[in-house]
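Listed below are the structures to be examined.
Below, subunit A partners subunit B and then partners subunit C, in two separate complexes.
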Partner chain A sequence: MSGIPTPHLSRRALLLASAAMAVTAPPAAEAQTSRPGGTPTPVPGGTMVMIVNPEPATLATYAVSAGNIPPITTQIYEGLLTYDWDLKPQPLLAKSWTVSPDGKTITFKLQEGVTFHNGAAFTSADVAYSFMEIAKKVNPNGPVILRELEAVETPDAMTAVFKLANPAPYLMMSLSSNNIPIICKSVFEDTVPMQNPSANRPIGTGPFKFAAWERGQFVRLDKNDKYWKPGLPLLNRIIARFIPDAATRSAALETGEAHYAAYSAVNAADIKRMQANPILGSTTRGYGTTAATSVLEFNMRRPHLAKKEVRQAICYAIDRQFIVDNILYGFGKPAVGPLSSVFSTSGWFTADVRRFDVPNRLEIANKLLDDAGYPRGANGVRFGLHLEINSFGEQWLRQGEYLKQALAQIGINLTLRSEDTATWLRRCYTDYDFDINEPFYSAGADPVIGVHRHYVSSAIRQGTTFVNNKDYRSPVVDKLMDDATRELDPKKRADLYHAAQKQMVEDSPGAWLAEVQYVTIFNKKLHDHTMGPLGTYEAFSRAWLER
Partner chain B sequence: MRRWRYFGYRLAFALPVVFGILVLNFFLIQLAPGDAASVLAGESGAASPEYTAMLREKFGLDRPLLEQFLAYIGNAVQFNLGYSFRNDSPVFELILARLGPTLLLMLTAFGAALTLGTALGVLAAVARNSWRDALISVVTLICYATPVFWLGLMLIVVFSVNLNWLPTSGFENIAEGYEGWERWVDIGRHLIMPGTALGLFYLALYTRVMRASMLEQTGMDYVTTARAKGQTERKIVFGHMLRNAFLPVLTMAGVQAGNLIGGSVVVETVFGWPGLGTLAFNALQSRDLNLLLGIFFISASLVVIINLVVELLTITLDPRIQA
Partner chain C sequence: MRAALKRFARNRMAVLGACVIGLVALLTALAPLLYPAGAFTLAGPPLQPPGLRYLLGTDALGRDVAAGVVAGARTSLLIGLSAALSAVLFGSLIGALAGYYRGAVDIVLMRLTEFFQTIPAFLLAMLLVVILSPSVFSVIIAISAVSWPGIARLVRGEFVALGGREFVLASIGLGASGPRIIFRHLLPNCVSAIIAVGSLLVASAILLESGLAFLGLGDPNVMSWGLLISAGRVTLRSAWWVCTFPGIAILLTVLSINLIGDGLNEALNPRLRER
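After this line comes the complex of A and B, so read on.
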C-alpha cells in the first residue's frame, strides 16, 4: 500500500457534494430501469472498464503486496473471509468458524462445491498449503500476520484447524482475498512459488477468470461461468486499463471510456471537476481497512533530532489543517497521533495525547529550541536539516515546500532533496543517511498489521523498507504493543493502545500530519461496485452496468 | 559494387558501436543507487530482510559484478536478453510486445513529418517571401515552440472530451473486441492523436531545414546552367534541386531517429500508448537491469540500422559521398 500516491475527501466535503448531487441529479435518468423501491434492477452482461494505476509489475499477489495488484487479483483469488461495513468477519471461502476460549485454536468450516478455474476442487489441503507453504514463506506480510501460526490441520476435506502458539486477535482481521489469497495446491506443489507459471496467469476460485495481460495496456478478466455463488457474477468481462498520465485518466472517465477509478488514480486537483460532471459519481466508502496517514520520520541518530525538544518543536511548528486544505485539496483530516481516527470504532484510538494544534504553538516551539541550546544565529537560523521527498507523486514535493516554510518560522533551515524511488528507499531504510523522511503509511485493518513495525525496537531492521528506521527505542512502547498483540479482551487492548499513543506522541519519534481520505470516481451507469469496507480490494461479483 | 563495399564497411563499424553501448550501459546503471530487490521490497510495504535477501539471490544480484557482467555479455552475444524478474517474464517477450506499437507510432509520425515537411519546405522556398511562405513560417514556428505534452493534452480535451470524435488513449478498444479490418480501423483511430503530437515538432523542423536548404541551392551554378539552357522551373526544382537539397534533411532525420524512440516517452505517457519509451522509463525507475539493458540493446540496434539505411539512401542520392 505504501507504493500508492494519495488524495482524499473530508466528511464535510462529501456531505456537501452528495447534497449538491441530490439536488442536481435529473430524476428521469434512473427511472428507466427502476425496481418498485426506486432502486434500479440489475441486468447481467456488459464489460466494465476500470483504471488501475500504476500498472502492476506482477500478478503474484501471494508473494508481492504492492497496493496496485489486489484490484485485479481479488477478482480471481478469494480469501477465507470478507468483512462487513462494521469490519466484522463474514464468510467467503470459509462458511463458518469457531475460536477456542484460549484463542489458540481456530476451526474453519469451508464452502462446499467450490472449484478452481482449472477445474480442481477446493479443499482444506489448499487452505493448509496457502498458509503454511505460501503465505508464511513468501508473502512479505506473512512473518507479521502469521507469526503465531504453527500448523494448519486438515481433519477432513472441508475443515481447516489453525493452531496458534499465542492468541492473535489481529489474525481474524487479515484473512481477506487481498491479505491471504487461497491458491490451488496442485498448481504450486513442487515449484518455486515466485516462478510458478500461474504467477502472471492466476488461477483462483473467484468470480472472474484471468484471460490476458497486454503489458502497458490492460488485463482482461472473463466471467467465471462455474462460480460457486449462484447467479453471479453479473458482468461478462472486466478490463483493467493502465494509463500513465493523470490528466488522460481523468479524460477517459469523462468520455465514459472507463467506468471506475479507485485510490489515487484521479488527481486530487481533478476530483472537484469530476464530482461536478453529471455522468460521474464519487464515494469515499470502501477504504475502511486502509487507514492511510502521512507522517514525518525523524532520524534519532542525528545529534539535533536525538533531542526530544527539537522533535516536539518541529511537531508544534506544522499547521496540519493547512496541509489538509492545500496539499490534499480538503480530502483528509489532521492527524493527532500514530493511530488513525479510523480506529475509534474499535475503541483503540484516542485523541487524549499531547496536542500540537494549540494557538500558541509557535511560541512553545521556539522556547523548546531555545531551552535545548540552539539559539538563533545572526540570520535567524538555528540549524539546518534535510528533508527526503517521498518519490511517489508530486503532492509530496508540495508538502515539502510547505514544511520548509513552516520550519523556517522556528529557525530551522530545511533543505529539500528529491530522488527516485530506489535511491530514496536506500537512503532512508538501508543507509540511514537522512534527517527527516516524509513517507505515507497504511495501518491496515488492525494496528498489528501496519502500525507496530514503525515504532517497536524489534522492527529496527536495516535494509527493510517501511519499518522503524528512526532508531526509536522505548521499552515502555515495546511492552505495551507486545501485550496488545496478544490481548483478547477488547477493553484491555484499548487501554494498552491508549497508553502507547500517549507515550509515542510525547516522545515524538515522528510527526503525524494528515489522515488521507481516498475518493472513488465511477460512471453512474455502473452500480453495486462498492459493497463493503474493502472497496476495490474485493471482487465486483455483484457489480452491473446499465445499458 | 563499390557502394556495397562501402556499406559493408559501415556495417562492420556498427557492431563495435552496439557492443560499446552494451558495456557502457551495464556499468553506468551500476552507478545508480538501490537495486531491483529493494524497489520491489519497498513496494510490498514491509518486507523482511530475508525476503529482500531471497529476491537478491533470485535476481543474481548477490554475485560479484564481474560475474554478472560476463554472464550478461555471454547471453547478449547469443541474443538471449535474459529474464525480467520484476515482470516475471522474458525480456525479449516484453520488448517484442512493445516493439510493434512503437514502430507503428514512430514510422507514422516520422514518415508523415518527413514527407509533409519536405513538401512544405519546397513550397515555402519556391514562393519565397510570399504570403504562403510567411504562413508556413508562422505555423512551423508555433509547432516547433509547443511542448509535446501540452499539445497532447489539448488534443485530448478538444477531440475526445469535447467533440467525442477520437478515443482518449490506449492502443485499441478492448472492451468492444474488434477483429480483422475493424480492429485496424480502431487502432488507426487511436493512432491519430499521438501520431500528430509526436510528428508536429519534427514536421516544423524538417520544413525549416528543407526551406533553407532549397534556398541555398538556388544560387548554385548548376541551377543557373539549367535555367540558361531553358529548362522549366518545375524541372529545375524537382529534377535538380530537390535531390541535392534533401541531403541535409535526410542526415538530420537519421540522427533524430534515436530521439524518436527515446523522445516518445512523453507521448506514450500522455496517450497511454504501449511503447518502448515508457517500458524503459519504468525499468529504470524499478532498477530492472536486465530489461533496461535489453531495451538499450534493441533501441541501439534500431538506431544503427536506421542510420545504415540513411547512409544507403544518401549514397544513392549522391554517389560522390562514398569516395
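After this line comes the complex of A and C, so read on.
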C-alpha cells in the first residue's frame, strides 16, 4: 500500500485498549475478550481498505445512479431509512414515521442533534430540499420512485410530512442512503446540482467525512468525530482503492493489502480460490436489494419473434443451470420469471409459472417450432436470428457462445454480433434494429423500481436505455402492474404480482436466465461489515479491524 | 527459380518453418474430418485437463481446446494471408505509382503513406474494426489498412533505384506506355523483395488478428486463437491449458513464417546470394 499512511496502534495503546475493555467486557482468561458466540469484541481504530471497481467518474450520488458510487458515498451521505434483513424499514435520519390509512400522507420524525460535516444542523428543511429540489429533479430514479410525491411539508424543524397523489407502497422501500441521500440545503441552494462544489467533495451527516480523492488511486474518508450515533464509527479511516486489473485486485486481497471487495471486484473464476485462502472470508449476504438477473429481450417487431411459440421455444432450449455453472462459475441460480426469487421474502415472487426446465424441454421446443410453421430445412436449420452481445464484459460473449449452441439444438441459427457500448445501446434501445438482446438488470428493493419499466407498454420509450424495447404490449400485465403500484395490502399486492408473473412467462417477451449471486470477499480481521441487506451500499459504522 | 529453391533448402531453419506451416495447413484441411462438430460445440464437462479424451483439455464452457486450436489455425491463416495479400497489392500499387511518376504524384502519395505510418498500427486497426463492426471481412480490411505503407515505401525505393537503368530508358525510348513499363519491366524486378517482406507481413497480420480477437474485436462467430486466449485468461490460474495451447500455436506459426521470410529473403535477394 504505497503512499497511503496507515496509522499503527502502538503496543502500549493496544495494551491500554485491552485493559479498558477488560473492565467493561465479561472476564476472560486471555487478553482477547469475547462476545457470546466466540466472536471477538470490537476495538476502535484502524484503517480499512476496500476495493471499489471501477473508479467512479463522479461522487454526485444524488444525480448519478452508477453502482460504483454508493460504496463510497453511503459512508458520507445518509438517507431517511435503512432496512433490516427482512427488508423492513428501520430508522436512520428518520427516528419514526406514520403512514396515514389512505396511504397518501407519511409523517417522518427526524433524529435530533444531527449535524452535517460542515457544521450545519440537520432539519426538515434539508429533507424537503433533498426530495423536492434534488431527488425529484436530478436523480435518475426520481421520476419512478417519487412519481406520486407532490410536496414535503415542514411543520417544524424535526418533522417532515410527505404528501402523495396516490398511495406508493414502494416509496418506503426506496429511502436508503443509496436511494435518496439527504444533502445539506445551505450547500446546494441557488446552485446547479451537478456543478455544486460538493459534488466531488461530498458533505453529509454520515459516520465518515470526505477527506481526499487522488484520481486513479484512492478516495480517503476520515472518521466523523461528531457522528450522531454515540460511540460510532469504530474505524478511523476508510480508503477506497481503485485497481483496474482484476488479477491485481485479487492479489491485493490475498496479501492482506485490501480488506474488502464487493460486487464484481473479484473475478468469478477467482472466487473459489479466494474462499480456500485461510485469511479471507466470503459472504453472499448484503445484496438483498440488488436482485440482479440476466435476461434475453426478444424484439417482437420481428416476424419470427412476434410468434409466441418461437419465443417460448427459445426459452425451452436454454439450459439455465448450465449458464449458472459454467458462465457464473456457480454463483447464481436459474431464474424462472421476471421477478427474482429474492422477492420471496416479501411474498411477491412465485415459481408457479410455465416452467421451461422440464426434462423433455427440447422435444417441446422443437414441436412448438414445427407447429408455428417453421420446419427444419435440409441443413437442419429452421431460420436464423442475431444476438446482440452485451458489451459490459466478456462473460456475455461466453453466454452468447453458449446460446448459439443451445439454439442450434432446435434449428435456430444464432449469429453473434458484438459492438461497442454506444452502438449496442443505440441498436437495441433507439433503432430497435435487433432480434435478441442479452442485458442484465437489477430489480432494486421493489419491483416498481426496476422491473415494471421492462414490461409495461407505457415504458416503450424509444431512445431511453434499459426500458421496454421488446414492443411487449399486454393490457393484462399493464393493468396488474399498475394496480400493484398502488396496492397497500401486502396480500393483494402479492396476488397481483403472481398473476403478472404467470402472464409474462406465458407470453415470454424475454427469457429469464440466471439470478446472479454476488460474493463479497473480506479479510477475516475485518468484522461487522455486512450488517444488513444493503451490504456495501450502507455505511461501515460498526465495522472494525482486529489487530 | 530452381536455384532459389535450392538456396532456400540449404537454410535449415527456413525448411523447419516451412514444415511447421505445412503441418498447420494440413490440420486446417483436415479440420472437418477431425472435429466435424466445430469448435464452438460443447464437447464435454468444463475445464477438463489435457488427456486422452480431450487431447488439449476443455475450456470454461466445456469446448474442446484442440478443436478450437485447429479451427483457429484456419482463421489465422485465412486472415493472415488475405490481409497480407491485399496489403501487398495496394502497397505495391501506391509505391509503383509514386516511384515511377515521381514529382507531385510521389509527394502526395508518400505524404499519405507517412500519414498512415505515423498512426499506431494497432490502435488504427482497433478503430477501424469498431467502426466497421467486427467480422472476418472488417478485420482483414483493418489489418491491410495498417500494413500497406511498409510495402509502398519499399516498392517506391526499388522503383527509384531502377528508374534510371538502361532497360527502362530503352523501353521509354521504344515508346512503351507507363503501365507497361511498371508492370512488365519494373515490378518483376522487385518481386523478390516484395515476396520476402510480404511473407513477414503474414506473420504480423496473424499477430494483429490475435490481438484484436483477444480484445473482443474479432468476429464472435469465428473461432480464433486470440478469442481462445481471451476466454481462457480468467481461468489462467486454475486451468492453464486453455490459453497455453493457442498461445503456443501463435508462437510456432508466427516464428515459422518469420523463418520462411528470412529464408526467402536470402534465397531471392541477389546481394545475399553468396553468403
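Rule of thumb we're sticking to: the second predicted complex is superposed on the first by the 510 of 547 C-alpha atoms of A that agree within 3 Å, B and C clash if a C-alpha of one lies under 4 Å from a C-alpha of the other, contacts with A are read in each partner's own complex, and residues count from 1 in each chain.
Definition applied: contacts are C-beta pairs under 8 Å (C-beta built on N, C-alpha and C of every residue); 3 or more make two chains touch, one makes a residue touch a chain.
Keep in mind that what you see is a predicted model, and the values were worked out from it rather than measured.
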Put subunit B and subunit C onto subunit A via the superposition and say whether they clash or fit. fit
Specify the partner with more touching residues on subunit A, choosing between subunit B and subunit C. B
With both complexes overlaid on chain A, does A:269 touch subunit B (first), subunit C (second), both or neither? second
Looking at A:70, would you say it contacts subunit B, subunit C, both, or neither? Reply first, second, both or neither. neither
In the overlaid three-chain picture, which partner chain does A:532 touch, first (subunit B) or second (subunit C), both, or neither? neither
Looking at the overlay, what does A:233 touch: subunit B (first), subunit C (second), both, or neither? neither
Classify the contacts of A:439 with the two partner chains as first (subunit B alone), second (subunit C alone), both, or neither. neither
Partner chain(s) touched by A:423 [first = subunit B, second = subunit C, both, neither]: both
Applying the touch criterion given at the start, work out whether A:467 contacts subunit B, subunit C, both or neither, answering first, second, both or neither. first
Touch test for A:447: subunit B only (first), subunit C only (second), both, or neither? neither
Report the closest approach of subunit B and subunit C over their C-alpha atoms in the superposed model, as a whole number of Å. 6
Those residues of subunit A which subunit B touches in one complex and subunit C touches in the other: 420, 423
In their complex, what parts of subunit B are in touch with subunit A? 32-35, 38-52, 54, 58, 86-89, 94, 97-98, 153, 156-157, 160-161, 164, 167-171, 174-175, 268-272, 274-275, 278-279, 282, 284-287
Write out the stretch or stretches of subunit A touching subunit C in their complex. 246, 267-270, 272-273, 322, 325-327, 389, 394, 397-398, 400-402, 404-405, 415-420, 423
Subunit A residues within the subunit B interface of the complex: 1-3, 47, 49, 54-55, 57-58, 60, 64-67, 138, 140-141, 143-144, 194-195, 199-200, 214-218, 220, 237, 239, 241-245, 247-248, 251-252, 254-255, 257, 420-423, 425-427, 429-430, 442, 450, 453, 461-467
For the subunit C and subunit A complex, residues of the former touching the latter: 40-42, 46, 60-62, 130, 133-134, 216, 220-221, 230-231, 234-235, 237-238
